[in-house]
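In what follows, subunit A forms one complex with subunit B and a second complex with subunit C.
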Partner chain A sequence: MTSKPCPATDRPWQSESAKPFIRIRNVTKKFGPVAAVDDVSLDIYKGELFCLLGGSGSGKSTLLRMLAGFEEPTAGSIEIDGQDMAHVPAYERPTNMMFQSYALFPHMSVERNVAYGLYRDNVAKGEIKQRVADMLDLVQLSGYERRKPNQLSGGQRQRVALARALIKRPKLLLLDEPLGALDKKLREETQFELVTIQETLGVTFIVVTHDQEEAMTLSTRIGVMNNGRIEQVGEPREIYEFPGNRFVADFIGSVNMFEGVVTENEADFVRIKSKDGDCDIYVSHGVGCAPNQKLWYALRPEKMEISRERPDQKENFFEGIVEDIAYMGNQSAYRIRLKSGKIVRLTRTNRDRGEETPITWDETVFVSWGPSAGVVLIA
Partner chain B sequence: MQKTGFFMRFITVLGFVFLYAPILSLVIYSFNESRLVTVWGGFSTKWYGELLKDPQILSAAWISLKIAFTSASIALVLGTLTALVLVRFGRFRLRELLNGMITAPLVMPEVITGLSLLLLFVVMESWLGWPSQRGFTTIVIAHTTFCMAFVAVIIESRLSDMDESIEEAAGDLGARPVRVFFDITLPTIAPALVSAWLLAFTLSLDDLVIASFVSGPGSSTLPMVVFSKVRLGVSPDVNALATIMIGAIGLGVVIATILLLRQEKRAE
Partner chain C sequence: MSETAQQDRVRPWRFADWFVRHGRMLVIGLPMLWLMIFFLAPFFVVFKISVSELAIARPPYLPLTSWEDGKLILTLNLGNFQYLIEDSLYVSSYLTSIRIAFFSTIFALLLGYPMAYVIARSTGHRRNILLMLVMLPFWTSFLLRVYAWIGILKANGVINNFLMWTGVIDSPIVMMQTDFATYVGIVYTYLPFMILPLYANLAKLDTTLLEASSDLGARPLTTFLTITLPLSIPGIVAGSMLVFIPAIGEFVVPTLLGGPDTLMIGRVLWSEFFNNRDWPVASAVAMAMLVLLVLPVMWLRRAQSQQEAG
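Let's look at the complex of A and B:
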């Protein structure tokens, strides 16, 4: 499930000369006094599968609806393929949208639903028939032409909605929680299909989701949204391993956050004093910060070790007591209470079968990590 | 538990008897042989035959049907447009006020509605010269106004239940707003339209008070004829006529209800 539509070498967002396909410039959308989208600027490139990730009320859906033309920005501009979208109504935009509720026309058959966009464009009857057949074939719904939406399962409806949105070969496909209404197993299969279809057709996708796992799996890049603003834009790996601030670190995956103060600040290392442990946190790279600045050290649960013995290092370990263990088969999750009272979450892959004396409840243990395991966050 | 069950059933039966006993006795006595309304003289359908020979009743029935058809149709168009404006065009000022005002005719005493319309028509006639006489046109206008309120309420509730994203989806696929209305909105609310029309039709058909105010010579509706006949003493043919009207109105209401229920079920 690590399929990425763009080959690793083709990353237009890293190139200075690449021209963005979609330019969102300082877009703000206000509903009354509340800014649902607040001064967002974003470049999206052709062929991307871009995920807008955020909780409810983060403004991700509003941003999508502005791209589709259902909402007009209060300020700022949106450009698609070099064309300014101000005052261009939805029915004239080169975009199509797949709705969260699928929004299938209940009184039309699958075939009529999918063909609707082509009829509106006055495409010749014969061509419509051919294109609808091809599209239904692509989403594996051949044979369902005559069915009405209420005679389909959730997964089938989802595919009709996708087919209907793709039939006009839009330059940009907008997907609002495309997998939200499916159960877990179906969702995983469909994620895969979605990426395959996107690769096959080469259409640019913008997907809105609140599911970080989905965003990780699908996208070339993720834009994390919070309170109407974009917190960080980056490739999934970048977002996970190098979160730019506490919100992103906390929102994507789980993380242990230690508050501390810089005691030594050199070009190639920093030393952080945290009241959560007796020894310092040593980070093997420089951080642009002032001396004595308050900052946070973010450490993912899988990047730490747990042991009974005091680790053979001067820094980067905390002592604590095992408060809880959850055995999950492939891995175990530990909750460890530090002396300071802070709970540290840690996961360990269960490599050995039949460990003789596994670490157990209420034992005193040491959690330790390497000098490059965590991320220093200033904001 | 058993006791409560019995009590509930008893009350229910009592309620329905209270509601339907008069109607039932009327229906039964419409098949009465005897000329005396209160004396049972054996089964007969002769009063129905009598009815068909009465030109006054036949012409009144025809006028009533024409009025009901016309005013229900106009009310359907106007009421639907009203509902669309109230539901679809966002929050504009006065929206809540208009929303409340549209339901006012539903609770307004008919005497007041009738009287105010009569005054309006009289003033209009003297100032504008139209409508030149009270009759068919004025009754249609009067019925349209109060039927429109019913239509608007029914369509409004249907529209606000409707998933707006299917209209957006059609727009997104290239349909202009008018196209969206005819392709998507109208088919979706079609059953509500039919039931609203049927309701408006029956409301117009059985209105006596408002019609009495705004009718003129030669435009007596069926309820008006029945009422004037009854004032001279109840005759058995009125029973027969009433039975037919109950049948027609009952049928309309039943069809309207079935359509609405079926649509609700489909929406689930």
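Let's look at the complex of A and C:
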């Protein structure tokens, strides 16, 4: 799945005048002396599918729970649709949540579970029946009305949980690891369904996940969290191609990181000296940094070339020995040991069938890349 | 692998094989034997006495069988049971027992549920201390604890002295030897039996269910009524049975705290047995009580297992 075509008008975060639907301002949540969420500010716009991505203990779930109203921020404010959420209990918020464990009521049938929110709002019986039927239709669970949660498979429970969270037509749907408990194949199918449902209903989704692939495929934007802080917010492509710091570069996808020092710093290029190779790293854009500053050059494995011959260029190549090759069908992954001892990971698409003399173990090779292949990171 | 080789491999395990096949019987057999000796046998003895005739003898009843003119005569005296129905004393004391046990169970539930809830919701150290406090009374004799209540409830006891000292009342309130004192005694005695199963049930309640309920718009009271309460029914049933069943046959509390008109079946049984030395009627009272208790318990258990299966 690719991220959906996103015309510029559909990117309210790029427009100065757009009003955010959710405003998180300097929110901090402390449990004892530990700040689970540390001074987070974030704007999320209507109709977005926003992913909070981070490892365990990064504070992403705590932030979600504060949006749902299960936790009160220690400091800062949360605004949903222009309304300040301070001291608004969970049962009065225009949000609904899909729990990681699904939290289906075990003593109620599928129908009762889904209808629960409507009963709480005293919706007329006939309308409840209709809306539950429509919702079960949407999540493809018609015919399962009378089943109890323990009579359903994992995927079916997940859809009941989704239906129950959507039935009240919330302004904001919070999803805590929505696909975490499903196996890989089911997860991929469900990703499609989730995006389809989100587009059909036009509800704003905030998804918490630790799975970077899931975040990339689902979301309009990703917020990468670490240690209670937001490291970077951006569209999936932006996060992947232009990571803001080493944590983000390393967390999303795999990356080769070369430490180096700036030797030449001009407006339209920089030259970096790294102890990992004999020649310089040349970057074809300027970097705002001090001379002789220590920095890192991040290079994705698929953005490099591998060859037996020394490349015809003065910079941007390292010499090494092939230590390991993994053939994965569509591509091959190489682990190349540089003279400095550093291991470089590189992938190459297997374009030709029956290559005559493929590069093999223990061969001396050169890895090379273009002047705009990598990212210079200061932090 | 050839067939013979496979057989050779199996042979040394013959005993294990036998054990696997019949071990189940062994495992079930031991408790069965225990129950036969210590429950079923005495039960039949009591049953036998309940259908025998009273006699001034030792033991104070006639044997069921006699030998006359080459005929074996089995005499079943159902008069004892008939007597239970005819004399209103027994019926009314059964009813009193049921009434007192029933309301004691309700009171214990109303008191015990919030306590169990708080214990289940507290964490770590606090929870352990609270559980300890619930179980602490068991460390002293039951009889001693009921005696202590006499000191609290009597005319010049702790409560009356305090109320008179503060000037709320002029003359002591009569609490001893009333139904009220019996209720206090029974609820006090059996409260832990209500709290512990309820606590065990409430402690394993998934708190995300409560969050989910709140998230879907339910106020705390609604969440309690629609989620917590229905899910704790097994705990309520278990606790109520543990209070109701012993309370029905309770003898010590009504004797020590209750008045002369607090006629509970345990007391009647005692006086029938020791004061009147009418073992057959006493046994009939016991049998009737057993039937009275076992039938609803069996019905409840069936309903419960059906609910779990359904």
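The rule is short, and it goes like this: the second predicted complex is superposed on the first by the 373 of 379 C-alpha atoms of A that agree within 3 Å, B and C clash if a C-alpha of one lies under 4 Å from a C-alpha of the other, contacts with A are read in each partner's own complex, and residues count from 1 in each chain.
Here is the rule we use: a contact is a pair of C-beta atoms (placed from the backbone, for glycine too) under 8 Å apart; a residue touches a chain by one contact, two chains touch by 3 or more.
Please read these numbers as outputs of a predicted model, since none were measured by experiment.
Colleague: Answer with clash or fit: subunit B and subunit C placed together on subunit A by superposition.
Modeller: When both complexes are placed onto subunit A, subunit B and subunit C end up clashing with one another.
Colleague: Is A:A103 contacted by the first partner subunit B, the second partner subunit C, both or neither?
Modeller: both
Colleague: One more residue to check, A:A68. First (subunit B), second (subunit C), both or neither?
Modeller: both
Colleague: Determine, under the contact definition given at the top, whether A:G117 touches first (subunit B), second (subunit C), both, or neither.
Modeller: both
Colleague: A:N150 contacts which: subunit B (first), subunit C (second), both, neither?
Modeller: So A:N150 only meets subunit B here.
Colleague: According to the stated criteria, A:A90 is in contact with first (subunit B), second (subunit C), both, or neither; which is it?
Modeller: Both partners, subunit B and subunit C.
Colleague: Pick one for A:K168: touches subunit B only (first), subunit C only (second), both, or neither.
Modeller: both
Colleague: Between subunit B and subunit C, whom does A:W361 touch in the aligned arrangement: first, second, both, or neither?
Modeller: A:W361 contacts neither subunit B nor subunit C.
Colleague: Just to be sure I follow: which residues of subunit A are touched by subunit B in one complex and then by subunit C in the other one?
Modeller: 68-70, 89-92, 95-97, 99, 101, 103, 105-107, 116-117, 120-121, 164, 168
Colleague: Could you pull out which subunit B residues touch subunit A in their complex?
Modeller: 163, 165-166, 168-176, 179, 183-184, 187-188, 266
Colleague: Subunit A touches which residues of subunit C in the complex?
Modeller: 206, 208-209, 211-219, 222, 226-227, 230-231
Colleague: Could you pull out which subunit A residues touch subunit C in their complex?
Modeller: Residues in contact with subunit C: 68-70, 89-92, 95-97, 99, 101, 103, 105-107, 116-117, 120-121, 164, 168.
Colleague: For the complex, which residues does subunit A have touching subunit B?
Modeller: Touching subunit B from subunit A are residues 68-70, 89-92, 95-97, 99-101, 103-107, 116-117, 120-121, 150, 164-165, 168.
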